[in-house]
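As structure tokens, here come the structures.
One chain, chain A, links the two complexes that follow: it is found with chain B in the first and with chain C in the second.
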Partner chain A sequence: MNSRQRVLAALNRQPVDRTPVCNPTSVATVELMDLVDAPFPNANREPERMARLAATSYTELGFDSIMPVFSIIQESSALGCKIQWEQKDNWPTVRMREPIWQTADDIRVPDDFLDHPDTRCVTEAIRLLRREYGNEVAIIGKTMGPWSLGYHCFGVEPFLLLSLDNPGQTKLCLDRMKEATIRFGLAQIEAGADALTLPDHATGDLVSAQYYARYLRDLHIEFAERLKVPIILHICGRTVDRMPYIAETGMAAFHYDSKNGPEESMAICRDRVALVGNINNPETLFSKGPEAVRAEVVRNLEAGVNLVGPECAIPLQTAIENLKEIPRAVRDWHNDRARIN
Partner chain B sequence: MVHTMAHTLDLGRRVELVSMDPHAGDISLGLYREDSPEGPGYLIHTYSANPEAARRVEFLTRAAEVLGGARGAPGQRFRFPCQTGHQTAARRLFLEAAKLPTGDELQPRPLTVHDRKSGQDLTVEPLGAGRYRVTTSTADEARCAVLANGLRKLAEMDATEGQPVVAFPCGQDHHELVGLLLPRALNVRAALREEESALSRGQLSAPSSQK
Partner chain C sequence: MPELHDIANEFIRQEIDEFIERPDERARIIGLFAKASEQMQAIAAALIDGDHETVDRLTAEAIAAGVHAMEVMDDGLIAGMAIVGIKFRQNFIFVPEVLSCARAMKAGMVHIEPILSAAGIEKLGKVIMGTVKGDLHDIGKNLCIMMLRGAGFEVIDLGVDTSQDRFIDAIEEHGANILGMSALLTTTMPNMGKTIEAFIDAGLRDDIRIMVGGAPVTQDFADEMGADGYGKDALACVSLAKQFAGKA
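== the complex of A and B ==
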């Protein structure tokens, strides 16, 4: 199997020759930016640089996937949000204290949404990568879900208060914003994406499982039906309580956080939705050494997690040796198993 | 053209990073540690092909030798003459050197520092075998203790109960290193805050956690 075949098979919960190493979110680092002359913020805004930096996950780190959409703000920029683009060593963010919408009536996905430089950058980068790598490696796109877009466009607090005070209006907002998710996702598929990450930040710290069921489950079912590639849902934080709902959506995979144990998560998701993850970012990949990384990889493999990788976008200062340890540990584990058997 | 060959190197364990060096076109510089029978050696490395990069690395390696009393080692590395790692001090040495512009004159720092808070000079007196006593002409024991405690934290030195005396566990003198760390040791909290601030950059938080 080549890398692309391996990732796609695992996303479909089919047999693989070894567990794929997958990054549904960013593995860009400042050192990799130097290596290929593609620093932030340019690498978030110029297709060639975006593609070049993204490719390092495959060419330098040995992952089985390439994911060029490092940030979570590309479509929010195209929707009109104000963006703090930051510097090489920090992430661009939406200025959520300056929301662009207050009510559902304000929501408008511009006709030229996909022609905006910050969305077009993504589709062009995917085209470049597809042209360069053909079918040898999985190319993963990313389209933000409406809950995340709600935070960006309404502001976190106003959007959460709206969801408490007016569920009907909230559902209307989500329904209108979902068109941005669908259109950007379809454009990336058309450009050559093999799969899509769909972050929708119904995170454990702010949103309950009941909220997920009330507001997002049906929308996520709709995404899985309308976006005809494997969809990897990404939600940060403790999410075990909503995994039973997520498993019913038809999403191919759930990219899960290290706040959830691999064993408990697999017990819920096995045979219903693939799991991707969940190497801890701040404490392990960023702050510890390869031995700790290896231990977390092995724990995921022992639990039967379908695809192994970091839990979320890695810190930009992460050491390269820690990232390279993930595929090394996966290969060693499979080699050891083959010897034993 | 997107495709690149594998260029990353096995340089040892990265123990410190300057993610954007304002003195060399915002390149990233890593301090890598590799253990060998001759003792731990450190390498300053950048993956940047920026024209200033090679000169910058050369300057910082030289700065580590002059300001930290390190010695050149094979593979453009440096190590301490005692053949001990002194990793915390080595990281601080790297960070302090990286604050200097390339080409700055390099001189070992004196073992005396002016304490703006008390308006007096504090001096570190070598006692031999890696031990140092903090003294002052005004017998301000509290400030001496502060400085000794700062050195203990910044260089992982051993403290002596009830005395402003600190010692390197290797039992050897490191005058240059002590001189370099003195100004920072007076306000170790600021140094640690600076480190924490650097650590918090580059971590992506969920939209719900952003401001």
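== the complex of A and C ==
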């Protein structure tokens, strides 16, 4: 199997020669930026640099996938949000204190949404990557879900208060914003993405599991139906309480956070949705050494997690050595097992 | 010692019974409400329910009827917020619910603040809060601010992406002696340490007490940077501030 076949098989919960290593969010680090001369903020705005930085996850780190969207704001920028693009050492971000929408009636997904430089950058980067690596590595795109777009376009607090005050209006907002999710997703599939990450931050750190069921389950079912490549749902933070719902959506995979144990998560998801994750970012990848990384990789493998990788966008100052340890540990574990059997 | 049945308001009794599990907290909260009038209990109940219109109305009525503003604040609003904080910490409620309680708190404070400031009644202390440079996560910081205000502190919120200079300027401008910094990114955590150094360079470090928090921050990290305290949640933030203000 090559990397692409391995990732696609694992996303479909089919047999693999070894567990693939994958980060469906972002692998950008300052070290990698220097290595290929693709620093932020340029790597978030220029297709060639974006593709070059993304490719390092395969060429330098030995992961089985390439994911060119390092941030969560490309489409929000195209929708009209004000963006702080930051510098090499930080991620760009939406100025959520200056919301662009107040009610469902304000919501407009512009006709030329996909021609905006910041959405185009992503589709162009995917085209470049497809051409260069398309047969060997899985190219993963990213389209933000309507809940996260709600934070960006309405501001987090107004949006969360709306969800409590007026569920009908909230549903209407989500339904209108979902067009951005679908259009951007389809454009990336068209450009050559093998799979899509779909972050939608309805995390247990912010909202209850009932919220997920009330507002997002049906929309996520719809995404899984309409976007005809494997979809990897990403929600960071505590999510075990909503995994039973997520497992029913028809999403191919769920990218889960280290706040949830691999064993308890697998017990819920097994046979229904593949799991991707969940190496801890701040405490392990960023602060500890390869030994600690290896221990978390092994724990995921022992639990039967389908694709192993960091829990979320890795901290930009993470050492390359720690990241390289992930595929190394996966290979060693599989070799040991082969020897024993 | 007061017991649960000493509290007249049924909603409050139920809330305590269902959500306040730790014996020490249970005793403290029952004590708080047992001494509160029925009218104040009703204000607290509406606040816990996130019903800002009722809090607005009941607070205005109480003030008009001659209840002291301090009593409304302590026995109504702050007592209600104490239950909200614990429910949130224990995951019985989530951020939207806390935001709605904070909105209710604000609706009550609108009536109380002018009276307290006209009477020159001192707040527990003055706190400057902000999320550090390069970081735009503010939900946790905002919850801390709500709980600090809910506990009787005056808080100046510098928002997100706050530079060292803005922290320093704010301390000087407002004459505050407590500073709280929040960071949610490993990339921005070091900016807490840099801000502390900037206070040392400006010769102001000894005048203030600094607390830090945010998901990736730890006690060790806080010690290493030379902060005076680390708080893992909004309730811890309030106890630190009280300790710094000598009101613990």
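Throughout what follows, the second predicted complex is superposed on the first by the 341 of 341 C-alpha atoms of A that agree within 3 Å, B and C clash if a C-alpha of one lies under 4 Å from a C-alpha of the other, contacts with A are read in each partner's own complex, and residues count from 1 in each chain.
As a convention for this text, a residue touches a chain if its C-beta (ideal position, glycine included) is under 8 Å from a C-beta of that chain, and two chains touch if they have at least 3 such contacts.
Being a predicted model, the structure only gives us computed values, none of them experimental.
Let's test your reading of the overlay: on chain A, do chain B and chain C clash or fit side by side?
clash
Applying the document's definition of touch, where does A:Val156 land relative to chain B and chain C: first, second, both, or neither?
both
According to the stated criteria, A:Leu164 is in contact with first (chain B), second (chain C), both, or neither; which is it?
Only chain C; A:Leu164 stays clear of chain B.
A:Lys288 contacts which: chain B (first), chain C (second), both, neither?
So A:Lys288 meets neither chain B nor chain C here.
In the overlaid three-chain picture, which partner chain does A:Glu31 touch, first (chain B) or second (chain C), both, or neither?
A:Glu31 sits against chain B, while chain C stays out of touch.
For A:Ala55, is the partner it touches chain B (first), chain C (second), both, or none of the two (neither)?
The first partner, chain B, only.
If you stack the two complexes on chain A, which partner ends up touching A:Arg217: first (chain B), second (chain C), both, or neither?
neither
Figure out whether A:Leu316 sits in contact with chain B (first) or chain C (second), or with both, or with neither.
both
May I ask you to name which of chain B and chain C touches more residues of chain A?
The partner making contact with more of chain A's residues is B.
Contact-wise, after the overlay, does A:Asp89 reach chain B, chain C, both or neither (first, second, both, neither)?
both
In the overlaid three-chain picture, which partner chain does A:Arg97 touch, first (chain B) or second (chain C), both, or neither?
It touches chain B and chain C both.
Taking 24-32, 60-68, 78-86 or 186-194 from chain C, which overlaps chain B after aligning chain A?
Only one listed stretch clashes with chain B, namely 186-194.
Give me the intersection of chain A's contacts with chain B and its contacts with chain C, in residue numbers.
In chain A, residues 89-91, 93-94, 96-97, 156, 205-206, 281-282, 286, 315-317 are touched by chain B and also by chain C.
Can you list the chain B residues touching chain A in their complex?
That would be residues 1-8, 10-11, 13-14, 17, 19-20, 26-28, 30, 46-50, 199, 201-204, 206-211 of chain B.
Quick check: in the complex, which residue numbers of chain A touch chain C?
Interface residues on the chain A side: 84, 86, 89-91, 93-97, 156-157, 160-161, 163-165, 204-208, 211, 281-283, 286-287, 315-317.
Over in the complex, which chain A residues touch chain B? Could you list them?
Within the complex, chain A contacts chain B at residues 26, 30-37, 39, 48, 51-52, 55-56, 59-61, 72, 87-91, 93-94, 96-97, 128-129, 132-133, 148, 151-152, 156, 201, 203, 205-206, 236-237, 281-282, 286, 289, 312-313, 315-317, 319-321, 324.
Write out the stretch or stretches of chain C touching chain A in their complex.
50, 91, 94-97, 99-100, 103, 134, 136, 138-139, 142, 159-161, 185-188, 215-216
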